């Protein structure tokens, strides 16, 4: 089984900026942690991060041929990208949305998600541990054909 | 370690009504499943379900002496109960919010959560499996003192 | 045939408070009047009144085994109770909503009904006579399998 | 006693279009059904249908000399006609508003009624049977001088 | 000089309905009063009243060949008729809007006028005397080529 | 094949009023142009224009027996007529909405169309040429059974 | 009979600034014109202009002992001064609101008047002639005890 | 004289939770303090606290036979309970609303009170001292028959 | 101890205008009543009333050198004066807001207070007695250093 | 003559995803169809598709030197891209907006177009045939210098 | 060259109140600093500060005869004064708006400026240094005739 | 000292398009002008322009190692890019926002800035001179450690 992990804009800064919101792990740390968890479950994981909305849209659009499901942290694009919503809706794979922080504790414009209605489900507020939860959840969804 | 699981209004109907939204398991089925998962982790679980907002408020208010954390599916109260928000905010325990369905796919008034901003985090859309994820997440939060 | 009549908060005050809005009959008077009308039609009626949202939710939730339909005057809960909406939606019975006053003549927040979209229909503005109309309407709906 | 029944725009299509919303009876069928019910009660009924807002306004405006009350299904004008609201308010007769469908189950702009606040009451969701209910309600209002 | 006076829906009821809002003069009384005032000023006046929006639109549309200006009391159409706004905007004559009552004292939806932005000016709250003021104002505008 | 062309309020003024918005052709000019285009395609066209909403509603309501499709420029009714929306929705024919001007360049209340959601499609901003485009589009829709 | 004419902020600039909106007469010109009209009618007029909201409030508050009515052009305070609204409401005199321009043709925040609902009526769009109309209207109101 | 003191949800936690918002006194401390103040004034006081909306509604509904007035801190129900508003409106006693914190300093949804419009008056921001102020105010209202 | 009492616009009219809203005492009566109450408590009181927002802002701005606290009835400025809000916020003294009427029973724009969030607390609806309550409350706040 | 055809995000998926909304043709199919139609009219066409907003902005920005007009299907960027709006506004060429689906039948956020107000016109709801219509319309606009 | 510097309400408190928002310089300090900078540029500066909206309006209204441009920090009036907006718009001089703090970091009602749309430009967030920047900018605008 | 100047979408068109809004200088002209001003101050400047949001996000994200501050004209991204807001917030450098035009004079959606709340300050309306002002302001902020 192959899973694509997509991280949105500014997540490349993880661990180096604003640790009071996002924690002190780097994105590389998190990727390694996901990889370890995945390998225990015989799952292959590919990581993709970009600050360019269109690159993320493309990665989601074209994922179907190579992957069985997607975990995405759309970051800022959660609240602004209709294109990403359309890509998730069209991609034909189960997609799980994850956020490191609890966006409901932050500015009002972060309380609404354009992408959540087209994902299977959403996990937020558990720091980087949310990615591991998302991996479990996605595998569960794939196994039980939830989409 | 002791965890309180709180289920809100109409969740007593699980498995018997509207299975296309909430699945076919009964609440008793789900409780058993949580109990099994908890016992593997040496965690004691108490279950509480009520359709009465005030009883749920009371259960959350007074949980601190007996429990280390709370998993709550506030159901309809997510969108209408300021009292429950206040109880979660005041209870002094980490609280994880879980929803069986992805509320963002449903009516507009279900897109806003009064309770999420005072919980540690939120999990939605993974059916009853979300409770098991919530258990993992809560234990993780307690262990790492996230609140 | 058995019908459940549910009356919401403050309706126990009928006839004793604010008669200029709600008329001078007591709830007991109205119940007797409904009972007479029902017995002429060979219909059994049970009455339930509560100011506690959760008790009303429970009465609606569990009505299916004992009743063929529900007449409900949700009173204030019309405008505030998502839980009651969910209970009506899940109960599996035809439900008729009735209001003694014409809520459209009153404060703006009474112009919107959370419960009406999940009921078969709505009757308002005809005083206590509305309950007799609702009984007719409900029997008509049950007979013609409208829901 | 004489009653005016007013039907608004597109109701001439009843029974021939969109039966899943409005049922399969034609307007003529419904009129006959109302006539039979009225004649049993020694009530004379006149029917008026128009797609022209001003004609309906005129029929309501001038009804007082010939009728004792009005039953109106304003259809689309419910949500758009201030002129009809003014006519009902000025006509000096008790007016009962009836809708075949439950407008609260439909598009958001159908949840608000410009006319309901100036009618005695409103009945919706019971199909064509709602007209018979409205006849009963109107007679009750006239007899008990409710307006 | 020739002036067209246009009165909108329900104004045919003036003097016979709701005198507490609109006064006790009939529309015929008001027309006579305007005629006397006009004849003193050597102005010819034509009166048009209709409850049909389209007839009023037509009367405004085609006024240019026969009249030098228009006084209009759009009544309910003030708040609902985009078509009347377009007709006034297109008619190529100075148009003065008059209201018998002060619409700002009434329901919120009467505080906004679709037609006022395309009229020369607006007069409201002075009862039927407003028509005489409007006649003065319109003659002033025509004389001074205000539009 | 027979097509009905419906033009809404004030379009009878085309070419004589506000040419900077609507161009200098008269409605008769446009009708002739449509007729020429239609006759080249062996299509019969009937023209209907009215400033009366109800007449337009009637023309759309009753078109099914005589026509294969409708091209409508609802003009001001686009933004105010629920009755026209209902007529289009109920008429059982493919309907194409056309506007001479680009309504998105004009007042905010012209940015929303009540009728567009129940038409096959919408064409705006191309002046009277839009009618010819609409004819092509409608024939295409009829031929390919798009509705 | 004595009338107070109150002019609000920036009206001291009349005739010297933005003549395309407000015309080329100075406030002194307008006052003279009003005085001439008033003296023909045996009415004494006092003029008051200020850019200070509180001074205008005071002039209105204390007018009752010295005047029989007030004509006010609140200018910018129309849209921002609750204090002026309260003063007009409390002053115990008939007050007529006048605007030189048609405020409905201008920015959205000028479409709502805080003061109009507590005045007898409103006149706008007729340039400085509106003051003469207001004088007529006010005398009419005083004579017929309209308030 | 007998006064009912009603405290809403989570106020049982006073002094034990979030002292930075609500102070360090327990509800029992506050009750004692009120009792001492009341006994100095020869007033009998009954205390009622509940987290259940319906129980509070009932306590207010049925207070008339036993009490001369009510002091209520509706807490979270201030912002969500139409039922409590209706109970206060119907109870036939003067009711004073008190809040320990200044709700205007907190989240936006706490700036609006459903209950305040049907109370005599409102006191907020003075901590537990507000209850003593409310007692004074209520006695004053009863003595001077303010309601 | 010295206290400043500030009264806003139109309060100079108290007792002479609209007694059904504000009671029949004059502002002088109320000041005397406050003075008597203050002198019993050995508190010196200065009174300031103005209809000019800036004078009130100045009185609040410069109070710190001469006073220990402020009681303010901002009247209309409650809802419109950002400058007063800023002055209260900056003045460095505890400020208590008082209103004679219950503003929540009045027009919608009076339900929001710009000044309340920067005051210690708010008292409304108890007529002129509210000033005496405010005096007690302010002394309590000063004594217990609440701000 | 040279025309640029710009297709926005996810349109590369045409024919392979969600055919019930967008039809079964691929983007390549549509391009071929446009090319054939263009070559019959001696028009050269260049195609550009990207999921990257900035690339689309660049293609529009720099089109003036090489093209005579633009046809654009902005897809999701219709509703989110101020940058694209600015590019169209600044590009100095006539631009025609086309949508395959009727966006008014879809989610509310798709009812508003940021780009339409700066295009010549808009075509929607006719599937891929809309591109051919757009080509005709654009040539018509270029020929008649409409922009 | 002569420049008028206008400072709005509460700015007289600069340096003595809330230094965490506005810095520790007094208004006199800032004026001296501006004077020094101006004298280096051979510019004469007049300073005016008031808490009275009308005085500020007057200073702006009458500036044209004595000054070549205005720098204004409207403080609270930025968000509430239509009169100041009108004065700036009418004054016939270039006006530069300056704010000491970044108002976008503060309460929502400070994010909108009534005055900015009628000023040449706006500078905010640079503390008192913003006045020196404004001086440079204004001289630049005067020299290049930007308005 | 090193400063990064970032210019957003369509600013590459400066001087070649819409000079009535943005002036006639090209971006290269402006860069040269900034460079000259910077070199006088011994400041090194790097210029970056892109129409791709993600590229701008990246340039801001990674600026910390190479620069001491950023001047950004986000152009259209001001109003649409949450990602840019997050990048500015996270970048750890003082950022000054500059706009060539006064965005408050333009469409309503340009009145709100997503980026301004996370910048030090904002300068708008002074044409390209704003960049030189921003350079001064940024150096001032860096020197005085304002952020």
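Labels A, B, C, D, E, F, G, H, I, J, K and L are assigned to the chains in the order they are written; within every chain, residues are numbered from 1.
Just so we're on the same page, a residue touches a chain if its C-beta (ideal position, glycine included) is under 8 Å from a C-beta of that chain, and two chains touch if they have at least 3 such contacts.
Since the model is a prediction, treat every value here as computed from it, not as a measurement.
Chains that touch both subunit C and subunit I are the following: H. Same-residue interface: subunit F and subunit J share over half of the residue numbers found at their contact. When the interfaces A-B and E-F are ranked by C-beta pairs in contact, the top one is A-B. Measuring from the averaged C-alpha position of subunit I to that of subunit J gives a distance of 62 Å. Each chain gets a centre from the mean of its Cα atoms; for subunit H and subunit K, those two points are 48 Å apart. Separation between the centroids of subunit E and subunit L, computed from CA atoms only, is 54 Å. Multi-chain contact residues, meaning those touching two or more other chains, occur in subunit K at positions 52-55, 80. Taken together, the chains touch in the following pairs: A-B, A-J, A-L, B-C, B-H, C-D, C-H, D-E, D-F, E-F, E-G, F-J, G-I, G-K, H-I, I-K, J-L, K-L.
For subunit E in complex with subunit G, the touching residues are 102, 104-105, 111-113, 116-117, 119-127, 129-130, 133, 136-137, 140-141, 146.
Contact residues on subunit H toward subunit B in their complex (touch as defined above): 8-10, 12-13, 17-18, 50-55, 75-77, 79-80, 109. Residue ranges of subunit F in contact with subunit D, taken from their complex: 52-55, 57-58, 61, 80-83, 85-87, 89-92, 114.
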